[in-house]
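Written below as structure tokens is the structure these notes are about.
Think of it as A, B and C in the order they're written, each chain with its own count starting at 1.
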Amino acid sequence: MSETSTTHSGQPSAGGRGPLRAPSFSLGRIWTLATSTFTQLVRMKTFYFLIVFALVVVAVGNLDLLYTAEQKLRVIKNTAFGAMSVFSWLFAIAATAMLLPRDLEDRTLYTILSKPVPRLEYLLGKLGGVMLTIAIALLAMQALFTGVLWVQEKIALADAYADMKAHSNFTEAEIQTRLRMVAEQGVSWGLLSALWAIFLKALVVTSFTLLISTFASSSLFTIIVGVIVFIIGHFHKMAVSYWSSALGEGALAKVFLKPVELIFPDLRLFNIVENIVGGQPVALTALAEMTGLSVLYAAVYTMIGLYLFIDKEF
Amino acid sequence: MKRRIRKTAGALAMLIVFGLVRTGWEAGLDRRLTETGLLTPPPTLKLADQIGYQAFFAVLGGLRPLVAFYTTLHAYDAWEYREWDTVERDYNIVNQLTPEDEDAWIIAAWHLHTNAAASFYINDALPQTMRETVLARDWVLKGAAKLEEGIRALPDSWKLHNELARVYGDKDKLADPCRAAEQYRLAMGCEGALEFVRRFYGYQLARCPGKEQEAYDYLKGLYDEAERHHSPSLIITVKDLETKLGIPPGQRIPDPYPPR
Amino acid sequence: MSDTAAVEVRNLTKVFALSLRKQYVVAVEDLSLTVNAGEVYGLIGPNGSGKSTTMKVVLGLMAPSKGTTKVFGIDSGDFRSRNAIGFLPENPYFYRHLTGEETLRFYGKLCGLRGRDLKERAAEMLALVDLEGAKDRRLAGYSKGMLQRIGLAQALIQRPRLVVLDEPTAGVDPIGSRKIRDLILKLKEDGISVFLCSHLLEQVQEVCDRVGIIAHGRMRREGRLHDLIAVEDQTEIVLEGASPELLARVRELVEKEGGGAVWRRSGHPRTTLERLFLDLVGTKENEGK
């Protein structure tokens, strides 16, 4: 088909050249939509969140409670990753919920879809834009917090060393063991796996929110349904085990809970973040498996979203 | 409208098929992640009653360490106001949420066996016998129980054994040198234990009735092993045991403070 | 190839279901129209007549219930048909966070323009719609007329062969309207087909080669503007500064010595298309249908 349109040069057009060919799938178009979404989100001043984040991390780093050096570092890590998680969820739901309904309301959608843009690419562009924004925000937060953690780690190591040296009867090996334990709670590559897990969860949350917004009538509806899915996604596994232990493997529990389990995503799996941050080593295979699962979620949700969106009339 | 219903049914069917495909995989992944310690099993509903549903959902959502941190701050506040019951309750939650946090067990126990106990001990408003024998001892026992619980969660923690040994060994607390020695012995067996634990084991053993000879042999061994063990406490304890056991003068260690 | 119609709508019917109880609204019924390559076609009709629905089907934003629509021979359902289309919606809103130039670059990229070509094309379009001075301002600060012009520029960014305009001068001041009218005429000069929806008849009359008049989802009349509004057996005399006495004498003359000629009306001249339009769609009886 595109052949036909390129050979149509019967009339001289304004620029003296014929219209362009439109490939049936174009990463370039998706990237254009994604970066435009990114610009939109950035210019909505979302990144001011980073200032709040920096203040929280620095404040927690200087909190003087009853901590050992390790505990202090752990608190900084937990607070930072907690804040990063919350940011990514809120952003994934709220920003995604806003995009489609707003494009529709402002009729910007007409102008985009009346260009040679397949609807799948439009959805992928929006998904990509939100994920790009989340990725950059997470990386910025990671950089900020790594800086704070690094400084606090150096302080903690120096303190621990001085403390042990003051008691002359510690061996060098003992001092090294202690310092290693402090350093274990400091800056490490493992923290990047935690960041990746947060990103993966945000990918799943963004894609189901986008799916909701393809049939939702407003942003508010999308946000409400999105939050409900988010909560149930964490809760249903527990509910299943609770019900089956309380009621036995009854038919009732099965009839009610099985569909819930099948329809809603299992978001609890992503809670690995807390233990990775706690210093639990994580195998690359586990990370790869989580990645595969998340990408599958995103792909399936986008496809179902496309199924609803493809013949939607405006 | 008809189209809408058809589409909704279609989308639901796709979700369910996807559910059938993934749930098996997810169950396996869940198990593997739990086995490798990456995933903490879901909390029980009882926790919801303790911490409130908001915090409970935060825990479910993967903010377990943050809820624990917040509860720690709350406990800190209660500590400043000497609300010991609140401190105890808060730390029960913290320990339940983050059983892997060794230091949280130690601090929780310390609040109970030292801070709360001492606070009752010196409270002039209470009758003396009651505050010394009943209340203070109660809180010391609570502290010891907290450490026992921590040890059940983290059996390989030398620090927890060490703390429990200190509570047993302290003559103002449980004054049970034999059990203190036992805890130090367990601490020594854990990875990463600092060397002082070995000496402390000896000191408590020396105070345990009937274990004097064993304690002497052990401490003498340490004395001979390296000069860094020649701490004043060790020397005094060994000298003490030499006298008690009637060790011949030729076999005794040199007296660092010979009588003039 | 060049005789392929820019837009070909054949027996288009679009039905909307209102509820589960089989209530339907027929927005467009058995409508056919053709926009030939290189011509300016005006689709006119009152609000709710099915203009916008027809346009949306042509753009692929809606699927027809029956019938077909093609753009340069490609079915409107195929996104590639949009390659040749530039569309300016009524009262357009674009991303308010983008500047004028960024907006053009955004739409240009969606159409596959890249690099220097894109840059030059964007500059060219900004010059065309006279917005060079405002290219670095965000659209949030644009006036209605400026938005309409940047909208026209984005519609033309990929050198489309067909431009679809929905009420292009709605809410635009007279000077702005004139600019847009001039642009349409320029497009025509360049051989670009224009498919225009409007209820501003004067505008349609000024620029369109052919018009279709649509009411209640049906095409009432279609043809060359000249043919539609010419009434063979009537003659129009337009006087300037005529006194009532003069008019009375002329009328008297017609009645006395007209030789069969009939005095139809007098008054301030109206556009002839408007008269035709009102004859076809404006009567109250029609609305009950």
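Note that contacts are C-beta pairs under 8 Å (C-beta built on N, C-alpha and C of every residue); 3 or more make two chains touch, one makes a residue touch a chain.
The structure presented is a predicted model; accordingly, all values stated were derived computationally and were not measured.
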By Cα centroid distance, the chain farthest from chain A is C
Closest chain to the protein's overall Cα mean, using per-chain Cα means, please. A
Centre-of-Cα separation between chain B and chain A, whole angstrom: 36
Indicate the whole-number Å distance between the mean C-alpha point of chain A and the mean C-alpha point of chain C. 46
Using mean C-alpha positions as chain centres, tell me how far chain B is from chain C in Å, no decimals. 81
Residues of chain B touching 2+ other chains? 3
So which bits of chain A are touching at least two other chains? 311
Hey, what residues on chain C touch two or more of the other chains? none
Quick one: which bits of chain C touch chain A in the complex? Just the residue numbers, please. 1-2, 4, 37-38, 56, 59-63, 72-74, 78-85, 87, 89, 91-95, 97-98, 102, 106-107, 109-114, 121, 124, 128, 151, 154, 156, 158-161, 164, 187, 190-192
Hey, which residues of chain A end up touching chain B in the complex? 65-68, 70-71, 74-75, 78-79, 82, 85-86, 89, 169-171, 174, 177-178, 181, 201, 215, 231, 234-235, 237-238, 241-242, 259, 261-263, 266-278, 280, 282-283, 286, 289-290, 293, 296-297, 300, 303-304, 307-308, 311
Which stretch or stretches of chain A touch chain C in the complex? 1-2, 4-5, 7-8, 10-15, 17-24, 26, 28-29, 32-33, 36, 39-40, 43-44, 106-108, 110-119, 311, 313-314
In the complex with chain A, residue positions of chain B that touch it: 3, 7-8, 10-12, 14-16, 18-20, 22-23, 25-26, 29-30, 32-33, 36-40, 42-45, 57, 60-66, 68-69, 72-73, 76, 98, 100-101, 103-104, 107, 192, 194-196, 228-229, 231
